[in-house]
């Protein structure tokens, strides 16, 4: 993995105008091409943290750099070329009369030429399988499809960094699998992805790294396996790893000397007859 | 459960229920038949668009009374037809919790939110206070009485919506994906609350939900819908062991069950009925690995 | 990002005004409305406004009040502008100055002052009422006065919907800004307003389902969690208010509403300053709004 740092926080603090302190001294560096899961209970500061990465929020103190740009000194318009933020609820962003216009909105805002816009819309429609819906009104689509249009509208802007806020919430298993596949595709294209989610199966499957927030502080940082294996951390934050991981831990099943994260790994582990020493 | 059912009258009886939304071309529900007995804990499973919400909304008469469309068949709650009893009267028997908690919160304080239904039922002041206290305790929101519901986290809002419904002491509580915004622990908490209501108060629970691990742990019965049709209706151990059907429908079975199913296919010696909960799995799989 | 708070809503507190029964406050607001409507002396209305502002300050609601006033000011400035050049007064008008195509009249300045002060003072008093009255209590009071259940509920629910929609608007604005929306003023409006409206429709639809599911409007008697009681203070204040109103109206009647339009002659520079001020104020506030949306 390349070690080019793409997002960097230095002693980041954020206090809301109401006086609520949502982040207290977060230091973090994210490298290009990392797929980072951001987990923690509701209210732990996850969303506040990632909203700093496209400039929606500015640090109360400390610094945030995105692609070397100090977010304090840049407008969202400038940062959003590099970091795209997909909101949890697509209904909060969709407004245009057609999916096509929805996809054109972001690219037009960042000043792409007409040809570029057309090309980006075509690529986004292709990537997300939206060709047949381009002329539909987004409000006539089902919720899962609207959610897809929401992600596609950011993809059309071609950012290197994707910030996904609860991408699988409200989606059934089949749709959640599709989101996981999309994240894999983003990874293959060499993009950096941050996933704020409660969906531990998604985190286990997609992420190369997981950071844990608790009470406005960053208290855990490691691979999914390391984080899910840290009982103390999980108990403190009230988070639970996927069921298969918990089971494997209980019965001492190991895969390459590590606790399996997925059913695939667990089955393989049994086949090899691997057990914890 | 089943042993005692013979003696009891079903509390919910759905007979040949079909519904087509006015704006749709295809039916959202197609000739659904099932019954629920008092005190049962029933989970409804299915992909988005399978008809889960439509079915839930039919159980207190919102469909067809407040939603335009064509309905066929009947839905009887304690023998009363949902076509005939207004939703607001049916509300005295059937409590309803919807998927989006924010839309269900209409009051300025947590206390006021729980009180709303009680005020409408004409519950005397003193008893209202007792019920509010109890409901907030059950969902773990005590001490937040004066808070604005808007200031609560998504999970807290969802639990508040449940508290508001349960404080009315409905005989049946219907919940349409009530744990969407919750973290895994939050989901378990909600299911535990429901289990307590079910066990201690004998409340009949019908819940639409995606998370199969929690369904397996708590529900007495699972109904699977697919494109408006009822595919399966049985105890979770049976339903989740039918892994072929479940995956054909694009759903999944609990991870521990899938694990056992795949091992079995590879020739491992495992019990006829695979475990569906973590606890059971740990017991049954402790010696896993021995081939036939 | 600033939370845009455009319209006042309930501000929790325990001030004198918070503790009064809504009935007392409603009588005050109605009394003030009637009185101010008949007073024609801008100085008296101004004095009344000062009293209201002191009360607002004393109820710890000034910050919310100031934000709400922002919405009112463009209307006030517009009103001042049109009154000065075309007073709502019988002719003949006394010209004071000429600015390009506009002739500024003495009667215009007078009526601009009277009308704008009337609106501001009554609106401020009404805002004070809204900011210090728990919507649930308003509901209970309306029921007490015999207003039908459904109407009472609609009024209180609408008041409560406002902060929710404001919150929604903030989320939507940040969602659009994440797509690099050029958020300068009105071009920002469409992409933000459509989701707010679509959301509001869906919200109202779901809310009505929720209300029905909570037996709202069902048969049988209703109870209330808020134990609202008229205290001795409330009764005393209402009686005093009624006596005071009778006195005020007697005074107003014998003095013909303190009409001083013939005595008050404004210097021309004052008229010019007021006139230009209204134009600058009007556009100034629009620019301020636009900038708020941007940041």
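General remarks:
A, B and C are the chain letters, set down in written order, and residue numbers restart from 1 in every chain.
Keep this in mind: a residue touches a chain if its C-beta (ideal position, glycine included) is under 8 Å from a C-beta of that chain, and two chains touch if they have at least 3 such contacts.
If you're wondering where the values come from, they're calculated on a predicted model, not measured in any experiment.
The chain pair B-C and the chain pair A-C differ in C-beta contact count, and the higher one is B-C.
Greatest Cα centroid separation from chain A: this falls to C.
Averaged C-alpha coordinates put the centre of chain A at 30 Å from the centre of chain B. Chain A and chain C have Cα centroids separated by 44 Å. Along chain C, residues 202 each make contact with two or more other chains. On chain A, the positions that touch chain C within their shared complex are 17, 51, 54, 56-57, 76-77, 80-81, 84-85, 87, 89, 91-96, 105-106, 109-110, 139, 153-154, 157. Remark: chain C residues 1-3, 168, 171-172, 174-182, 190-192, 194-195, 198-199, 202 touch chain A in the complex.
The part of chain A that touches chain B in the complex is made up of residues 41-43, 142-144, 166, 169-175, 198, 200, 238-240, 242-244, 246-247, 250-251, 253, 263, 266-267, 270-271, 273, 275. Of all residues in chain C, those touching chain B in their complex are 10, 134-136, 157, 160, 163-164, 167, 202-203, 206-227. For chain B in complex with chain C, the residues that touch the partner chain are 57, 60, 62, 66, 86-89, 91-92, 94-96, 98, 100, 102-104, 106-108, 111-112, 115-125, 128-129, 132, 150, 164-165, 168.
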